[in-house]
């Protein structure tokens, strides 16, 4: 049941409820431990670098394009076109950082050396399946594509990182949700998502439901229950 | 038929006929071209470094333990225990040389990037099969070994180098030969030997015979023909 | 004396033939061999298969080849960019073939090509569309996919400092695919920011030993 | 603050358990972690499987472990040396098992272990005794052998300079198996000639990024 006083704005029109993108990144950063090696994917995940600037933990960030120890460049003088993150944005390097080839970078990823991979997503399912590389559902063969598919390193990270954090700007998409029971989108990986940090709070896929570990500021339990029920997605609460 | 005036000394007793080990190395070095990348195996092959000291060609020598550009240390001051060749002997590095890991070194070998591998041998057959890693024939199971087998990088080199030169100190072994029709020894590689540089001359395995490309000083054609005939190994002559 | 230096980009790519398979280094604009790619565009050679992480942005680099309809097939992990680009146009009109490969599988397939490995098993892509048509095999209680090596006729790679033997270093994240690609092509052509005398590069710091490099062209720009 | 430095070799190897599989760097004496190996010998832990290129020479290093009957199995390419050694004695008396592996297959199996590859196909060993018991498969008209990854519980590796994050460089041909082995073990322990402050090592020159290293002990000798 949806509380009557809550308007459901179409995605992209009103600001998402709850946490801002930076707040989401800050919340995810809180769950990273000192000494962890953390890959940051394209988009929202790279905002964790801004969150880390405010922290004092030594968390070592990995970028798929051959960097360990990247950090936010936050308006520092010269940008170096040869020092960019996975999203091709300029970054800086911490003392103790290093450069290596793509082959080494993905040997690192595939070998299970990354403690956490932080990725964006189109959809995450209750089973922990991740869909983040194509927003186009499978086409009958013979039908021309209408967009360019691009996958990058997400499939490698989803299959091989020790844990996968998903950062999601807006759980709501019109009346629908990006946290779902099933996904019709091409999957990035199965049973790989550890936790979702989103505008509405922190969610853990349990296999059959999303366990709400934390509600974002301004998001009520009733609202969440109603919103998920309307989409036939099970939620559970930690307490 | 064996010329009567030639004594066949048991191996290890008299000096081998023909070329000395250094002369063999010098002769093999003559067949290396400027710009070639050449792996040197344990033993006699490393003597090519001494031969190269007298040459002016830029031939780049590779050692399986992660070196390109090694050169003979020929009595230079300090020996560095961290700079050794495949036989664990101290070497030096030329300008333009580089160090890399074993994994990279053998990626290089397996990837077919070495123009020539120069190896020692127990036996080479007319088919170009190489036996150089174990002098012990296959044992019936249950029989205890009498020596320690050791293979090193020879199998990798035999299978993957663009060409394989074998350097052989003494073709003769008592009444027998190390250039054979068949080998009962465990093989290092099949159909891999390009050419054998030995005390008696230069030999090319053709599949059914050894083509004598050159006779060593002091070795007669008659002697060679008789010696090989006595062992039922076919020889042919280039001219 | 070994001297792998060539005097111009144009000479260095003149023997790229129609239908050739070409590895191109770079991630975004970092490490892209713009000089070699422009020279290749100028030759007009077509029917190329290009293996590269991206499809390029704007009008330079790989985009110039695609705009000119010189590329028949792209093997790539991320052919999407912020600029509307020529790849998108050619792909949607159906005039270029795309083989989409997860990024680490792409780099490892190229590494295998240079390292004498025919094929290898990874967990990447199991249970996804990327497993389609591939052998799945169980090791240690998990499913793994068989992936095949990629080798090529040419590699076009951007490096930082090179010497006349082809020894090379790279700059920061512009290293990316370069050291892997030079090993996997019959002819590897390096575009260097700078040529230094032999012996200048520290033997411990050389990332690409010259054995993998056939031609070096300095970027005079 | 991350600090991977341990104060003694003894502490750093104290949790090596009976039956553990251990990767040991080195080629001849170059790059052998003598300090860590001696500490391991002192613990008396036994039933070990040791993976290393050689079996050692003289009485130190791996030889000390073998003399003490701490090693049940050796996976190795070249267990022969000029000195009569303990391996030979133990092997001929039948008290140690030997898995003899061609050197490049050994290094690549370890590389695969660290790089998330279950198995791979090489031409090395086709048509020889090294093909026994292995799958042979045809690719591109040739036979290839399937080789399996090696992973281990511990890696003991000798490096040159290290920082507190475990970033490491190596010296000349002492690099050999080190950078590959640190990636393939659950616990990687590096014996360093020197510890330097974080930020001292040039990011372009770091051969082993600290991600692969769990413990660093400086060789005070």
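So that you can tell them apart, the chains are marked A, B, C and D in the order they are listed, and the count of residues begins at 1 in each.
Criterion: a contact is a pair of C-beta atoms (placed from the backbone, for glycine too) under 8 Å apart; a residue touches a chain by one contact, two chains touch by 3 or more.
Please read these numbers as outputs of a predicted model, since none were measured by experiment.
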item	value
Result of counting contacting C-beta pairs for B-C and B-D, higher pair	B-D
Subunit C and subunit D: spacing of chain centres that average the CA atoms, whole Å	33
Euclidean distance of C-alpha centroids - subunit B vs subunit D, Å	29
Whole-Å gap between the CA centroids of subunit B and subunit C	37
Centre-of-Cα separation between subunit B and subunit A, whole angstrom	58
Multi-chain contact sites of subunit D, meaning residues that touch two or more partners	108, 111, 115-117, 122-124, 170-172, 203-204, 207
Multi-chain contact sites of subunit B, meaning residues that touch two or more partners	93, 99-100, 107, 109-110, 160
Pairwise touch network: line, ring, star, complete, or other	other
Pairs of chains satisfying the touch condition	A-C, A-D, B-C, B-D, C-D
Subunit D residues within the subunit B interface of the complex	27-31, 53, 77-80, 87-88, 91-92, 94, 98, 100-105, 107-108, 110-111, 122-130, 170-180, 207
Residue ranges of subunit C in contact with subunit D within the complex	108, 112, 115-124, 137, 139-140, 144, 148, 169-172, 202-205, 207
Footprint of subunit A on subunit D - complex, ascending	1-2, 111, 113-117, 163, 165, 167, 183-184, 198-199, 201, 203-204, 206, 209-212
Parts of subunit B lying in touch with subunit C, wherever the complex brings them together	34-35, 37, 58, 60, 62, 68-69, 93, 95-100, 107-114, 160
Touch list for subunit A against partner subunit C, complex	63-67, 80-84, 88, 93, 99-103, 105-107, 109-110, 138, 144-156, 159-160, 186-190
